[in-house]
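First chain A sits with chain B, and in the next complex the same chain sits with chain C.
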Partner chain A sequence: MNAWIIAIVTVIVAPFIGGFLAGIDRRITARLQGRFGPPILQPFYDFFKLLGKSKIAASRLQLMWIYAYLVLMITALLFLVLRLDILLMMFILGFAGVCFALGGFSSKSPYSHLGANRELMQMLAYEPVLLLLALGVYAQNGSFLISQIYASPTPLISRLWPIFIALLVILTIKLRKSPFDLATSHHAHQELIKGIMTEYSGPYYALIELTEWYEIVLLLGIVSLFVANPLWVGIVIALAAYLLELFVDNVTARMTVGWMVRFVWAVGITLCILNLIWFWVFAAIKGVS
Partner chain B sequence: MGIIATSRLKSPWIMHFDNSSCNGCDIEVLACLTPLYDIERFGIVNMGNPKHTDVLVVTGPVNRRTARVLKNLYDQIADPKMVIAVGTCSISGGVFHNCYNVLGGVDKVIPVDVYIPGCAARPEAIIDGVVMALQKLAKLQGVAL
Partner chain C sequence: MLPYNWMMAVAILLPVVAAVLVYIIRQYHARGVIVILAAIALIVNSILFLLHGKDTFSPANAQMWDMVVTVLDYLILLFYIYVGISLKNWLVLIFALTQIIPLAWFEFGMGGRAALANVSPTFVVDHLAIVMCLVISIVGSLICVFAIRYMYDHEHHLHLEKSRASRFLFWMVLFLGAMNGLVFANNLIYLYFFWEVTTLICFQLIAHDLTKEAIDNAARALWMNSIGGTALIIAMVILFAKGAPLSLDGILSGGVASAVLLLPVALLCFTGMIKAAQLPFQSWLLGAMVAPTPVSALLHSSTMVKAGVYLVLRLAPAYAGTRLSIMIALVGAFTFMAASGLAISQTTGKRVLAYSTIANLGLIIACAGINTPLAITAAILLIIFHAVSKGLLFLCAGTIEHIIWSREIEDMEGLAAKAPLVTVIFAIGVLSMFLPPFGMLLGKWMALESASTIPLAAWLFVIASAATIVFWAKWLGRFLQVLPKLGAKIESLSLSYTVPLWLLVLGIFGVGIGVASVYTGLVQNAVADVVTSGQALAVQGWGLTVNGYSAVSSTANFAVGNYPVWPLFIVFAIAVLIPFIFVAIKPGELRPVYLCGEQAGGTDTDEWYSTADVKTKVQLGGYYFQGVLGEAALNPWTYTLSIVLMVIMFAVALLAMGGAL
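Presenting the complex of A and B:
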């Protein structure tokens, strides 16, 4: 019964937190660019305006994928707040990303296809790191359960700090921030219009915004797991990571897809694997002595 | 319905379309997006995608080639939508009015809500025009701006 209450509260409250963070994002970005910026509530105005627009759909299949994207994202978030299996959560998050890419492929627009291709390349870059993160959690705690992370006296970051750095790189891709802002493009309309989101309009585009708000909360929740005990330190670290992403967004230029995959595989996966090897060597030494 | 009507006034996303303008007005439209004028204060974002647009900002006179494109873009915008004609050319054809390929103002092809005169229209005038468009929308919906 308690789990039900937590789940319902999460589903209702998470979009408000996500939308608020998105509003702060736009305001801080504007200030960094020497502008005044929109009101903090701007993402909510955009959301309700989009809900009120007339419905135009390029294909019915596209709508199915976008609903699946939303439902799977909420499911992944529920796995986090109900403290279930982190490995399964990563798989659900991965399938949510696949749904979004398939939604992009299910219309005939070339811009949508280009964005969907890039989304798949982004997944190729970040999925291995997320899986290795789950393995790192298992290496430290001997369990994939998130409740075990909260129960453990030593925080994850003390031994998994290389994976934490890799996660910060991944966060830039997942939040669609500047060096890796490739699939949807907040600022490069000349290049690919709106990328994978080109063919969604009105209420369906609002659904994507809603899913992105859930995603922000989920990703910052994963970051906060690294200092799960006490929780408020983890939340402060997650918010600091979000501010860092905004700063990175404004000081870097967009890179190509190939560069992104090379960079993330070279830096992110190397850090993760070194971290796991260190765990293995550490266990071997402890076994000998 | 109240919150949606209010939100419409607070987040007009624009798309800028250049018919066959001399680029004077286009530069002034883009100047509105710079830190000096910063129209994102009012929630205005330049989208570049007709499917996400609320306000179509058109510059330059319509010619026989762009009329078709303009009509197509207008049809792709989801309702409710508004059209702002920026500059003298987009109102009447301006200095190009009697060229062999020019049809005239934007209102020959699509309905226009607000006309912003000037050659080129100043950024202040363009912002004023967007505010007028919003006032018109507010009046239609019976909401205070």
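Presenting the complex of A and C:
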């Protein structure tokens, strides 16, 4: 019964947190750019305005995939709050990403097509890091269950800090921030229009916004796992990571897709693997002695 | 219930009889009825095997059957020599000679024949063999039913003067019997015989269309698998020379093989790896894609290539805990990664399927190499799930080919509007290959959770997983690029197409949702045939739990992982089915896509005003990254690394042997 309450509360509360964070993002970004910026609650105003717009679509298919995108994102978040299997959570998050990309493919739109292909390239870049993160959790705790992360007295960050750094890089991609706002962007880019989201409008676009809010909460939740005891430290770290992403967004220029894949594989995956090698060697030494 | 010798006869000999009938009777409908009846008989029979459970079998007049096997063995090898000479393909000839000469010398010179005749029982039908028998009989039979109509359309399209469909179906149906024999065989000479029969049928079916490409590729499949046959014979010779029994249960009886016997075990695994088209032997399977699609579905994804992984898996206890086991895991994991990466660059649908098959076989072999109870469970589940999903995808590819008469991915753009039914089935097949809640993902999840003992394999899995997402999603994406129209007309297809397709879809959901029952009723026993220590997976509530078995903390008493099967299927139903049913959209709500305001018309056109206001069609092209991930760019690396891995694999076995002497 308890799990049901946690699940329901999460589904209701998470979008408010996500939307609020998105509002803070817009305000801070505006200040960094020398603008005053919208009210903090602006994302919610936008959301309800979008809901009231007339329904317009470029095909029926594209709508199916974004519903799946939303449902799967919520499922991944529920895996986090119900403290289930972290590896499986990453796969579900991957499914959500695939659905979003397929939604982008579901119309004969050049911009959407370009964005969807770039979305897949982003997945090629970040998916290994997320899965290696799960392997790192196992290496430290001997279990893939998130509940074990909370039960463990040693915080993940003490031994998994290289993977944590890799996660910060991934966060930039997942939050669609520069230098990796390739598939779509929060800022206007002429050659991209709105990329993978170009063909969505009105209530359907609102649905994507909503999914993004869930995603922000999920991603920051994953960051907070690195200091799960006490949880408030983890949350502070997650918020600090979010702020860091905003600064990175505003001081970097967008790079190419190829550069992104090479960079993430060269830096992110290498960090993760070095981290895991360390565990392996450590375990071998411990086994010998 | 049938007597056991009748069940064996139905499994192995009934397909032979049905094949001969199909060959003689050249009338389309009568032939179809025979195939369907044989299919039903085989399916029922395989379920009888399941109900009967583990057993052994030796034919009554063993001497006669031994003679039949021997005569046919040499006839097949003489046929290979004939093929080598008539095609002037020296590789075929050489590897036919490397089989026939040692075999004759072994059987008649060394006295191996007497030793082989003494092997008892001839067949061992344990639970792992029953799993394989079910896959062969159910998925294989459905593919044969699909082939009835497929070959009719195929020949109609080619404008053949004289139908060769009888010949085609003859080999297809015969193949089912050979596969059953292969997985039941315990006596190594019977194993070798059925192995050679599958190689022969593979050659005949790849060459079926008799184009130059088809014959060349068939010859390549032949000589590569002949290397495998040669390795099998050498393994027999070494076993005999060391006084070891010439049967699979004999090799496995003492648990881990003594260091002296590790080399024959490695050779047998090598034979399996070639059949499973592991790198560097992938080219024969890629070439095999020229064959009509039912061949690819039956031989090159669902069953024959599974014989390779079956043999590696079967031998897992013999190399458990040795360095050979680690090398097998690495060969498989490397194949999984490299083939997944190469699949991204493929522009032909069937080649993507081929690479994906090679990759998944690599994953299964890697699981055998990891060799923990969890990994073995993953391997057996993957064999089942992969056969169903990949069988379906190949049949989809065949159906699509007969709708658009092309195998190119670029020609499949917007197929969701032209062929919505096949698109939906294809989408289910694709999603079931790499996403939760479907079985393949469950298998991959278990593989990753078990891979901690060989970290390098786990890292290769991770990279392969990412590549898998890309090549499937971008292919499916091409299907979906449609104009804003509603009410696509559902295409009409022959029942011979749709019945196998829908049954396989049903199978995907059946084994996916019922995975707990599949595990407890079938796979658990099969795992116990391979590994005896501990049970890694437990059914708990609506899901599966990985038990606290861990290399990291031996004191762990908590669960390692948890996979809520039914909740995930409920989520899947909510995510995909509910919008599918309830998202209504009115024609007036459709708009053409954004083309910077230069759209030349309404929703019915995809043209825009280009330079000088010339109407131009929007053209989209898929991404293939051939410069970075193409065969030309990657193959020098993949060949070098995979050959190095194979050499180390043998070096490890030889060193163990050398150390023991």
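One rule holds in what follows: the second predicted complex is superposed on the first by the 288 of 289 C-alpha atoms of A that agree within 3 Å, B and C clash if a C-alpha of one lies under 4 Å from a C-alpha of the other, contacts with A are read in each partner's own complex, and residues count from 1 in each chain.
In the analysis below, a contact is a pair of C-beta atoms (placed from the backbone, for glycine too) under 8 Å apart; a residue touches a chain by one contact, two chains touch by 3 or more.
Treat the numbers as computed from the prediction; the structure is a model and nothing was measured.
Peer 1: Contacts for A:P128 in the overlay, against chain B (first) and chain C (second): which applies, first, second, both or neither?
Peer 2: second
Peer 1: So in the superposed three-chain picture, is A:L88 touching just chain B, just chain C, both, or none of them (first/second/both/neither)?
Peer 2: Second partner only, chain C.
Peer 1: Just chain B (first), just chain C (second), both, or neither: which does A:S59 touch?
Peer 2: Only chain C; A:S59 stays clear of chain B.
Peer 1: Which partner does A:Y150 contact after superposing on A: first (chain B), second (chain C), both, neither?
Peer 2: neither
Peer 1: Go through the superposed model and pick first if A:S107 touches only chain B, second if only chain C, both, or neither.
Peer 2: second
Peer 1: Check the residue A:F48 against both partner chains and state whether it touches chain B (first), chain C (second), both, or neither.
Peer 2: Touch partner of A:F48: chain B, not chain C.
Peer 1: Identify the partner contact of A:E199: answer first if only chain B is touched, second if only chain C is, both if each is, neither if none is.
Peer 2: Both partners.
Peer 1: Counting only touches as set out at the top, which of chain B and chain C does A:W161 meet: first, second, both, neither?
Peer 2: Neither chain B nor chain C is touched by A:W161.
Peer 1: With both complexes overlaid on chain A, does A:W280 touch chain B (first), chain C (second), both or neither?
Peer 2: second
Peer 1: Between chain B and chain C, which makes contact with more of the residues in chain A?
Peer 2: Comparing touch counts on chain A for chain B and chain C gives C.
Peer 1: Counting contacts the way the document defines them, which residues of chain A are shared by the two interfaces, the one with chain B and the one with chain C?
Peer 2: 54-56, 193, 198-199
Peer 1: Any idea which chain C residues touch chain A in the complex?
Peer 2: 414, 416, 435-436, 441, 445, 448-449, 452, 455, 458-459, 462-463, 465-467, 469-470, 473-474, 476-478, 480-486, 546, 548, 550-553, 556, 558-564, 568, 571, 574-576, 578-580, 583, 585, 589-595, 606, 618, 620, 622-623, 628
Peer 1: Could you list, by residue number, the parts of chain B that touch chain A in their complex?
Peer 2: 3-8, 10-11, 13, 35, 38, 40-43, 46-49, 51-52, 54, 76, 78-80
Peer 1: Can you tell me which positions in chain A touch chain C when the two form their complex?
Peer 2: Answer in residue numbers: 54-64, 67-68, 71-72, 75, 84-85, 87-88, 91-92, 94-95, 97-99, 101-102, 104-113, 116-117, 120-121, 123-124, 127-128, 131-132, 134-135, 138-139, 141-145, 148, 151, 193, 198-199, 258, 269, 273, 276-277, 280, 283.
Peer 1: Along chain A, where are the residues that touch chain B in the complex?
Peer 2: Per the stated touch rule, the residues are 26, 30, 33-39, 42, 44-49, 51-56, 189-190, 193-194, 198-202, 205.
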